[in-house]
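The following blocks contain the structures, represented as structure tokens.
Both complexes below contain chain A, partnered by chain B and then by chain C.
Now for the complex of A and B:
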């Protein structure tokens, strides 16, 4: 070391071989540039492997095991057979389909209508932004707060029933959450109220990327508002709508909160969804293994949807739309 | 001043259109906000004015006793402190790690980077319910059950992919040439990040931070699965516990849910522009 430093300090040597480079720089030169990149992404990748990938593998393993006297042992597909023959599970699948289809359609339509209103040319920006804020507000509240607000409205003596009985002269108060035919619809209403703003903001962002020239030339050609919407807006939004409905589908599919708070799956099993079935089996009934098997089924279904979506995204990248 | 009839007609049409636009939007917003207005009104006046035929639309007697009762209750104070700690803990973890990763994905051509990004995108869409079973078991095994750090770790697992994805989207919109120029001028990579990229990314980061904070503050499922005492329970669990009661103290409930929502409404009112921008541009990609 001392010798090399003496050499580096020697002007004749410096003149002959150039200035000595610190070891660190030399090392960095030899390593490919992307190693630095790996250092940036490593914390996230490792964190997600530990807290997401490993639990995913655990849940798959747990679904094939059973626990007796505190010990886990392998039982193969026993839980899956049990779940497949459980009419309660198929009832949950049916409820989930209705819940998801209705929520996605309602949230995206409502989001699109409001996004279109806000995208119009407003006479005053501040007024428009205030309106935007008011329309986003439901998204800011927690699901718990939303559920409480709506259960006050749904109460037999609440505002809705005052309108039904007091104003419209209905014979009996409507049991929004107690009637098996209405309960799921009442939950869908709360879920739509709580979640549409997210899609509204996303669609508003997408609308702003549509070139104004398209509308100008359509106007010159004499196209009315409805024709412009059909011929320009909808086709331009197609990709975003596909993406958002997939995201919405998956989110709604895995939704537990509102069902757990408002009805606990009841009355009877009228509002029990697959996600709530997982929660109830594993944590309320305490059957972790069966819950894990159902989680795995859910996981496989969602992975299929996600992969189909990513496939569509990738194909979209190649095409020019 | 004489205005040509066509100009006048056009002006009338513009006014009619604007009136229609404002009217429809105002009406929709009013309907949308009915539940919120009803909650706030039930928190400041006796419940017999709210749950009655006909309901009293405008308060006769306004009282802040219900707020005082909630604020003075040590259990709710505990919930509040826990919610604050959880949200800030999750925010710091997700945003720091997430931003570094976003920078890595945005500025380096990484072998395997595409696969990692697709993995993050898949995890971003993973619903919490699929992992509550292993989390419940693993939390017991590693001793994080019913602790605040355990809740922060679990929440970060779900918000890290979102933060990474949104920040990456924002960084991609900042031209590469800027940081390349800085590096040609002799900045090291960390100096470039600190002095060139970070300042430009601030609006995006504020939006993502608000998004993560709101999501963590409102999180319910993980909290209800991974906690059981007020030592680590959050406001959302406290709110949801009202559903188990037979006789509901609506005044207290609505006061608590108003108070629990207030911080977010304040954050949102101030940061609306950035939140909208963050989601609007991030979700399109």
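Now for the complex of A and C:
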């Protein structure tokens, strides 16, 4: 105690330490102004490097290697060439395209329809709130629970087939997941049912930000419901729709859970998506390098598709993203 | 001071005498990843572990029970990430990929150290790849017609003793008015279609999946065409629950346990699995069948040791315990699974267990015609190819010969590529 007091009273010590200033102020004086900005974004950049850039670079590097007895060695583009020449992969790309396009269109359409309905003034607020809760319900289900529930509904002894065979007296049950022509559509239906509430909520929020005066003016000008929807609602929702559809496109393109749980890519290869192809190659075959190469191709494809989608929207004179 | 040093040295010496002692004196922990807790029943499983730990207080077994569909993925991820599971359950088909990643211990040197133990195993117990023993089959699985005893009794049916009677029984069980089918035939999994249906009939036609001496794929032989044609004809009779192409083993199990169907073709473990849904269900195997031969297809699930294990001595001790005559006989009796040891197989003679009593007959009625499912590389891809082949053939989308030729060529290319 006595020693620190003596030091504090020592003028040489006080000179060496200098006047007490906040650390931020001192840093601001020593660092160029632009560096302060970099420091602010540094945590996010480091987080992205650790969670996105490093894993992506690892996967890309892994795709150029092979492993023998636990030792990795460079093989260049061999895995990429193998995947690019595999018709099963291109079949998966085709299925993924159909699955993604149909899911995005149906999820957004259904989400928009329900959002519009819930946005309207109802005869009873309690009923509307109950409906809102009921419509959000599918989103609460985990993917595994949704897959299990729908697999039971689709079952030859399930509800749908009970109605078809037991009530309507059809000769045979419908093979929702066993018929190559129906299986992909059946999975798209489950995916749509599971995901539309998210888009419904987002669009409902966006609808509530549209000024009511716009609709009032349009009504005064004699615009009907359809004209008001086309001239006011859709343009006002454009930004949100572009953002949502892009997010939906990206998440659906890499989807694997429902396919794995409902059909495992079958019947035949009718529902095999690229993500499932990666899962099978990397985790079932244990060929991590080929799986990594396929993942990289999937990443490139997804980037190209997203870019093309956003450019098309921008070119239509709507909104650049 | 001197006394203290001597005491410390003596304590350290005592600890180091025990091969499994750790610095803190706590037991050595062995991580065992497997998928059998539910299959064997939690009580049986816990008893198995408790007995080992009681006999070996210096080793503790840390069980990592993993759902079967996730096992292969988790093992590959562990191998790539350097995560250790000292002992793990494995199918033969997972071994080539794991060996590539340097994860599987060669068990031959361990066997050489304990010849008495090696002699207790059957020749088919050892899973070899390129001459190295990489795992031991834990139990041998034949695939045969299994039926619900009570439902058959109620319908006045006797278990079929051959393929023709099998068709006759399925026809009797089909009730169009009640939307009732006798059998469920899940075909969404290529491995299932290969082992339970095609492979079983292939063995009885005198064929083989591979020529083990040359490594050539041979399932597109005339015997293979005959086997596939038989299944095509059967499938097109409409005797199995619709939706086979999208049906998996879990769904088949639900049909069986809930009484929706009265028969299936599967391994002996199906009874213990069904009992988890309906504890009162009684299943039994039909007596051995014979077509051109009396061969059966056999596969096995087994255990392997991690090459990265820091506790190989303790892991080996646990493996020895799993295959010991006492464990093998007890487990064979309690869970109705034929352990892959001589003691277990000998214990089956005179067995009254409805799922075990015919197994010696399956094994011995035409031993040369038996097929043992080989450890294949790229199993996911090969089984997936076979799934498409089987579905294309039985649905008539492709002629049987063409479908099998294409599959054989694709299998050969994939196997050759993995070399």
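Rule of thumb we're sticking to: the second predicted complex is superposed on the first by the 251 of 321 C-alpha atoms of A that agree within 3 Å, B and C clash if a C-alpha of one lies under 4 Å from a C-alpha of the other, contacts with A are read in each partner's own complex, and residues count from 1 in each chain.
Operating definition for what follows: a contact is a pair of C-beta atoms (placed from the backbone, for glycine too) under 8 Å apart; a residue touches a chain by one contact, two chains touch by 3 or more.
If you're wondering where the values come from, they're calculated on a predicted model, not measured in any experiment.
Engineer: Touch check for A:99: first (chain B), second (chain C), both, or neither?
Structural biologist: Neither partner.
Engineer: Using the touch definition from the top, say if A:165 reaches chain B (first), chain C (second), both or neither.
Structural biologist: both
Engineer: Is A:43 contacted by the first partner chain B, the second partner chain C, both or neither?
Structural biologist: Only chain B is touched by A:43; chain C is not.
Engineer: Once the structures are superposed on A, label A:298 by its partner contacts, choosing first (chain B), second (chain C), both or neither.
Structural biologist: First partner only, chain B.
Engineer: Taking the superposition on A as described, I'd like to know which of chain B and chain C A:282 touches: first, second, both or neither.
Structural biologist: Both chain B and chain C are touched by A:282.
Engineer: In the superposed model, which partner reaches more residues of chain A, chain B or chain C?
Structural biologist: B
Engineer: A:155 in the overlay: touching chain B, chain C, both, or neither? Say first, second, both or neither.
Structural biologist: Both chain B and chain C are touched by A:155.
Engineer: Identify the partner contact of A:176: answer first if only chain B is touched, second if only chain C is, both if each is, neither if none is.
Structural biologist: A:176 contacts chain C only, not chain B.
Engineer: In the overlay, answer first, second, both or neither for which of chain B and chain C A:255 touches.
Structural biologist: In the superposition, A:255 contacts chain B only.
Engineer: Identify the residues of chain A that lie in both the chain B contact region and the chain C contact region.
Structural biologist: 151, 155, 157, 165-166, 262, 279, 282-283, 288.
Engineer: Mind pulling up the chain A residues that touch chain B in the complex?
Structural biologist: The contact residues of chain A facing chain B are 33-34, 36-41, 43-45, 47-48, 51-52, 55-56, 58-59, 62, 114, 117-118, 120, 122-123, 127, 129, 131-138, 140-153, 155, 157-159, 162, 165-166, 193, 198, 201-202, 204-206, 208-209, 240, 243-244, 246-247, 250-251, 253-257, 260-262, 275, 278-279, 282-283, 288, 291-292, 295, 298-299, 302-303, 306, 310.
Engineer: Using the touch definition from the top, list the residues of chain B that touch chain A in their complex.
Structural biologist: Residues 18, 21-22, 24-26, 28-29, 32-36, 38-39, 42, 50-55, 97-98, 100-101, 103-105, 107-111, 113, 116, 118-123, 125-138, 153-154, 156-157, 160-161, 164, 189, 214, 217-218, 220-221, 224-225, 235-237, 239-240, 242-243, 250, 253-254, 257, 260-261, 264-265, 268-269, 272-273, 275-277, 279-281, 283-284 of chain B touch chain A in their complex.
Engineer: If you look only at chain C, which of its residues touch chain A in the complex?
Structural biologist: It comes out as residues 72-73, 75-77, 79-80, 94, 96-103, 179, 187-189, 241-248, 251, 255, 260, 307, 377-381, 384, 387-388, 391-392.
Engineer: Write out the stretch or stretches of chain A touching chain C in their complex.
Structural biologist: 67-71, 151, 155-157, 165-166, 172-173, 175-180, 183, 262-269, 279-288
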